[in-house]
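Order of writing sets the labels: A, B, C, D, E, F, G and H. Residues in every chain begin at 1.
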Amino acid sequence: LRTGFPEAVWGPGKTPEQIAQIMEQLHQRGSLALATRIEAQVHEQIRRLLPQVQYSPLARLCWIPRAQAIAYPGQLSVISAGTADLPVAEEAALTAELSGFQVKRLWDVGVAGIHRLLQNRQALQADVLIVVAGMEGALASVVAGLANCPVIAVPTSIGYGASFQGLAALLTMLNSCAAGVGVVNIDNGFGAAILAGQILRCGQQMATRLNSATADKA
Amino acid sequence: LRTGFPEAVWGPGKTPEQIAQIMEQLHQRGSLALATRIEAQVHEQIRRLLPQVQYSPLARLCWIPRAQAIAYPGQLSVISAGTADLPVAEEAALTAELSGFQVKRLWDVGVAGIHRLLQNRQALQADVLIVVAGMEGALASVVAGLANCPVIAVPTSIGYGASFQGLAALLTMLNSCAAGVGVVNIDNGFGAAILAGQILRCGQQMATRLNSATADKA
Amino acid sequence: LRTGFPEAVWGPGKTPEQIAQIMEQLHQRGSLALATRIEAQVHEQIRRLLPQVQYSPLARLCWIPRAQAIAYPGQLSVISAGTADLPVAEEAALTAELSGFQVKRLWDVGVAGIHRLLQNRQALQADVLIVVAGMEGALASVVAGLANCPVIAVPTSIGYGASFQGLAALLTMLNSCAAGVGVVNIDNGFGAAILAGQILRCGQQMATRLNSATADKA
Amino acid sequence: LRTGFPEAVWGPGKTPEQIAQIMEQLHQRGSLALATRIEAQVHEQIRRLLPQVQYSPLARLCWIPRAQAIAYPGQLSVISAGTADLPVAEEAALTAELSGFQVKRLWDVGVAGIHRLLQNRQALQADVLIVVAGMEGALASVVAGLANCPVIAVPTSIGYGASFQGLAALLTMLNSCAAGVGVVNIDNGFGAAILAGQILRCGQQMATRLNSATADKA
Amino acid sequence: LRTGFPEAVWGPGKTPEQIAQIMEQLHQRGSLALATRIEAQVHEQIRRLLPQVQYSPLARLCWIPRAQAIAYPGQLSVISAGTADLPVAEEAALTAELSGFQVKRLWDVGVAGIHRLLQNRQALQADVLIVVAGMEGALASVVAGLANCPVIAVPTSIGYGASFQGLAALLTMLNSCAAGVGVVNIDNGFGAAILAGQILRCGQQMATRLNSATADKA
Amino acid sequence: LRTGFPEAVWGPGKTPEQIAQIMEQLHQRGSLALATRIEAQVHEQIRRLLPQVQYSPLARLCWIPRAQAIAYPGQLSVISAGTADLPVAEEAALTAELSGFQVKRLWDVGVAGIHRLLQNRQALQADVLIVVAGMEGALASVVAGLANCPVIAVPTSIGYGASFQGLAALLTMLNSCAAGVGVVNIDNGFGAAILAGQILRCGQQMATRLNSATADKA
Amino acid sequence: LRTGFPEAVWGPGKTPEQIAQIMEQLHQRGSLALATRIEAQVHEQIRRLLPQVQYSPLARLCWIPRAQAIAYPGQLSVISAGTADLPVAEEAALTAELSGFQVKRLWDVGVAGIHRLLQNRQALQADVLIVVAGMEGALASVVAGLANCPVIAVPTSIGYGASFQGLAALLTMLNSCAAGVGVVNIDNGFGAAILAGQILRCGQQMATRLNSATADKA
Amino acid sequence: LRTGFPEAVWGPGKTPEQIAQIMEQLHQRGSLALATRIEAQVHEQIRRLLPQVQYSPLARLCWIPRAQAIAYPGQLSVISAGTADLPVAEEAALTAELSGFQVKRLWDVGVAGIHRLLQNRQALQADVLIVVAGMEGALASVVAGLANCPVIAVPTSIGYGASFQGLAALLTMLNSCAAGVGVVNIDNGFGAAILAGQILRCGQQMATRLNSATADKA
């Protein structure tokens, strides 16, 4: 079993009743109960059934916090290009926070104004980066060139015309000339957070192993 | 008639004899005679028929210079991302030079190493820029964000897998979040040079008009 | 910094309150405040918050004019193929006018009735042309063949079936056998106007340089 | 049975022996024996087996003429855009001639130089037109707007980059804003000729019917 | 000028007022005034402004008949595959009738039940055929194999999944192994009728010419 | 384990030595040893290493027969559209025969000449049908409409232009308006034979079960 | 005629009155009357006209049962990956049951949790399997590898971003490295059931033939 | 600067001389000098110039080892589906080893025979996994469901027909219903290794930080 990670309910196509019921089950098992892609009015209906749910309208996430908060080591930064990419970026950032990770956010640093990114380079000093961008999606390549850690690229469906609902950004990211970039599905902020979480957990486990190896030697 | 611009012969699918014959006609009309996409061995055969031709193996261009050199005002910079993009970049740069324009070249400034571009920013101080990039093609957006002049973006077919022979770079450039970018066909260095030339000629004509208007007032 | 060009707010996905707030900030900085893709009812709501806004329902543009009008030299013509292309064509034309450029409009000169275009050829006598066309988008090639200045081609999403929301017109324009055509994204009238503006500004700057060079010599 | 039309052998993937054998059978049945897409060296081998074959290297057609020539009424013009489109255009023209129809050819009238087409407008005075064009394929729309007869459009695979082996020209022709255009497959000059032949035969049959009706009345 | 053919108004994206106004102009010029893709409620609004309009809810056509009916010679059959293809088939059939041609209709003869088509083969005895089919669009090939006259194929957007809004049927028809098929855009019943009309007019003109030639000889 | 079915070696990208070695292993295990997509010269090299191999140049199959022939009950017909489809059709037919099934072949019954298919309808009286067609791939729908048994459709990459290497035929078959058609990958004659074999084996197993049930009752 | 299979009405684009009328006709002919893709409110309207109809809101099927139930031999299992795939899976399962076949259902055994599938392997012991999956559609390959009977794969349009409305799952299934998989159109649960039914009927007919052959021998 | 990672030369389109020269430079800087996509004959030519190079014909990698071997902590497993995927899988595995990481290889565990994967589950006990698969690419989802660490998915261009040169596998992996999967470009084994290396380095750095924090506390 994959421990520590949220069991998430994919909201679209489910009734508020169904979502509330699955969330309650997850919560009773002791897991973080998280539902994704929840519109404001759906949240209203879920809250009538489960008054303890919390909600982020920007991230479109609805959740019941864990009884006991968990705090994992490791630093994740989520970086996004445009205002319209925020829902996906926040889905990633909040999912990671709810999973127990510390998150730095750097919004609106699209490549058309590269200075804002360069002025905020300290945010690239992280254990893992998530880069969220639509339209031409070029931010992932620039960030991966500047950073020295794994980069998770999330194309968004933001754009019009030849962006083909995120296809342009997806292709850009897959073709990144900066090696060390892993790409997830269009708009998949949730999946990026899970992958980031697994990378940080991998780091923690290596720390434990190396630590005990060092201790053994000592 | 569009004056001052090279009448170019598109090489592929024509025999060396056909190419030589058209070039000779162009030359006798007093035009620059230019043939594009000419492989080395094709050039050899053309040269046997037309000993005065010159050739650039990198740009794959073959030409007979104008009897009288022309020098138009205006500054063009051609900027390219990777080594493999050079044939297209040089096709653009050389076509512009042969057309009578002054060209600055800035090679190998791909976005994965943004510093090289930033260290060479003076090349962006031009009247018009041509940006040549394959793979994810992100360079056009970054340059257009830094520069304050028209940018012509040339996607190249360099890449593999999900680059789909230049489609990824093409879509990136069309979706550039930096306004002021005009895109030409994949690998179309020649077309980019013609467009750049027309922009510079437009500038010259405006100068003449504004000049004479000022003179009239004076 | 790119001076003289409108800072535009991309309307879709923003609330009227958000749009009004950004417009006010732009206006207070002394810029032209321009919002694009604004539907009539959104404009109504913006106007309640910002009574000084102006609106073009055809161009779907909403703006607060600059306190002091600017008038740049240079002549732009915007040419469009069909009635259904007018919103995009007018987005281009009006953006250019609001940016301080003089604009001639030539509407409804689709290639299926080439005579109308030929009868209005004087409109092609410009410093830069914007050609707006949907369906098969063939107008750009015909215009570029007739004109002797840079051509910016804007494919529109007008059409049905195998037009694939503007893809057919986009491909047509990218493959134009007439060199000297730069293409922007589908329906991107705004971007075409910014590029046209940069070309005209490039002309003006060359004029200044050449003039002062001439003056120096004199 | 469809009478009067050539039974054609599609050459690719067949051995010279197979092609020669089918041609001989067709010839012995009294039909025109026509093989398409025949390269020069394949023709050489066929001719060794069937000395009476004729060959057009441009059209890549190989045939044994009918014992008795047929001459059908009606006028077909074949119009092509660029030099590289000639093999397809000539496949169409020659197939029609071998089928017994009279053909006018108008080559190299691409839309980037619309004047050449307008100067040769008399070629558009026909009973049916075949328009052959690659790259952006815009010629079909312009011709259909000028002509007053059925237009058969043949996209060719000529082009590069975003022409996607004829897809761009195909989409252009399918989206033609001039009604009255029927499109055939990419590079299908043969099929265009057969369709043109059927249109002319339809005309002849209507003439016969209408004539005899008139005669009956008289 | 193309005489005898309806000047049609493409309805989508126009207000009822705009449509009514153009129709009135066409009518006053003596043309058939025809508007396509008109939904029932749009028709209601047009009729309030132009009480003399007629309407076919199936074909989604709205028109004012010519003051004097025209009857051209020649026989057209319109053949369609499935019930869902009827709007497009009827758009073709009615447009042709309103243009003055005689039309036979053969509905619901999809290739999955080839017998119905074979039992109604007499409908294939025509001067020109229009075949309308969605989903896999195979009907065009079967009909073209059985008939001995020009075939116009109209793919429809009927289907789901891998029909990709008519793309599957379009490709099927373009690849028809039966020569003599001209294809129009997806759902373009109107365009098919115009092309059919031009074929029949070509027949009539050939008849007149041949007739007078015969008369001259006599 | 799936018993009775050939373990096949996919030839492309393997050396003759590798292929021969795997075939020998399969043979020694008592299986039919079958290699697919084997060109004639590769076969020559395999035969030098494994003299007992047999080869079909048309089907491009190379095999060592089972020591003891197996003969399963059930009737399979393989039906193909054009001459160029034969390699795929024969790959299917021969694979099925080598697997122990009885196969009827019906070649060259493309839908453009529907009569040949109708004259050979007795071939459709089978337990399962494989239909192989390229270009527009319409044969599968027609056959499925006539037959009363499962139909396996194999699109081939035969065609040109808008056939897009088999995509057109694939889409046609997936959209078949005749239910009861299962589609395999482009050119996958082998896979079609395996599926047909599994259907026939399913029939045999049902027979055994029903038989013994009947026997039990008796 | 194909006996025993439901004549189904495809609901979309038909009025409740039209659907009810066709269903009544089918019912009066003694067939099972089945309508697919029927939304709840459409069902309400049909039921007002035909009170005897039954309805499954999950499968979106509406039907009038046969007067006399039929029960065919053979075992079909329907296996689905995710909750969101259930409507398509149930369309397949219920269509098969209404056609007279016995159906086992195995829901929610997506490959991301392979254990649930392995724990329920007995469901793979069937005469034919239908596998329903969206997103990446990988379940079909895994099942086909484990099972020893024909597998019918149904891609669903469930997913987002790069699932492209079922295209990803469709391609996955067509490329299955496990032979013996036949694919139907995206979301085509009905078609999968018909194909499964024909496979089982083929088995039954083989049983009858083999039995009588055995009996003859006995 | 990104330390510890190989500076790789992308071989295609470079002459052996160019490759040798860049490798020598890298080597003299003290880096591992690695060239990718090197065919056997190219390697021969490089070796003549640089006798110390080593070569793997399977991985198509050519390199000069570091003077001093580095050994980083952390466990990587590379898992591949089919024999034809080995070049890409080995490119990943060898690149990682040459970079200083320990690598376990698990070959030929495609999902059509899920047992082999399940029998080798201990290979999934790693700090990071690379999964390499072509055709339908389903292995990544199955592995990600079984493993509890980050998964890097590499689609390969192995397959034919509807695999579209790796597109099918790419889409499968992007749509993986198992969260925690990052995808790289088609055939990009090198990029996967770099990303894996960065994940392991991130782990090591976290270990150092956490250890020193623990030490500080102690």
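In this text, a residue touches a chain if its C-beta (ideal position, glycine included) is under 8 Å from a C-beta of that chain, and two chains touch if they have at least 3 such contacts.
Keep in mind that what you see is a predicted model, and the values were worked out from it rather than measured.
Fewest steps needed to get from subunit C to subunit G, stepping only to touching chains, is 2. Between subunit D and subunit F the centroid-to-centroid distance comes to 38 Å (mean Cα coordinates, whole Å). Computed centre separation for the pair subunit A/subunit H is 25 angstrom, with centres defined by C-alpha atoms.
Chain centres here are Cα means. That of subunit A falls 53 Å from that of subunit E. Annotation for subunit C: residues 161-163, 167, 170, 174-175, 185-186 touch two or more other chains.
Pairs of chains meeting the touch criterion are A-B, A-C, A-G, A-H, B-C, B-D, B-H, C-D, C-E, D-E, D-F, E-F, E-G, F-G, F-H, G-H. Taken together, the subunit C residues at the contact with subunit B in this complex read 1-3, 5, 8, 73-74, 127-128, 148-150, 152, 170, 174-175, 179-186, 190-191, 194-195, 197-207, 209-211, 214. Residues 81-82, 110-114, 118, 135-138, 141-142, 144-146, 159, 161-164, 167-169, 171-178 of subunit E are the ones that touch subunit F when the two sit in their complex.
Against subunit F, the residues of subunit D that register as touching in their complex are 10, 12-14, 155, 157, 165-167, 170, 185-188.
For subunit E in complex with subunit G, the residues that touch the partner chain are 83-84, 158, 160-163.
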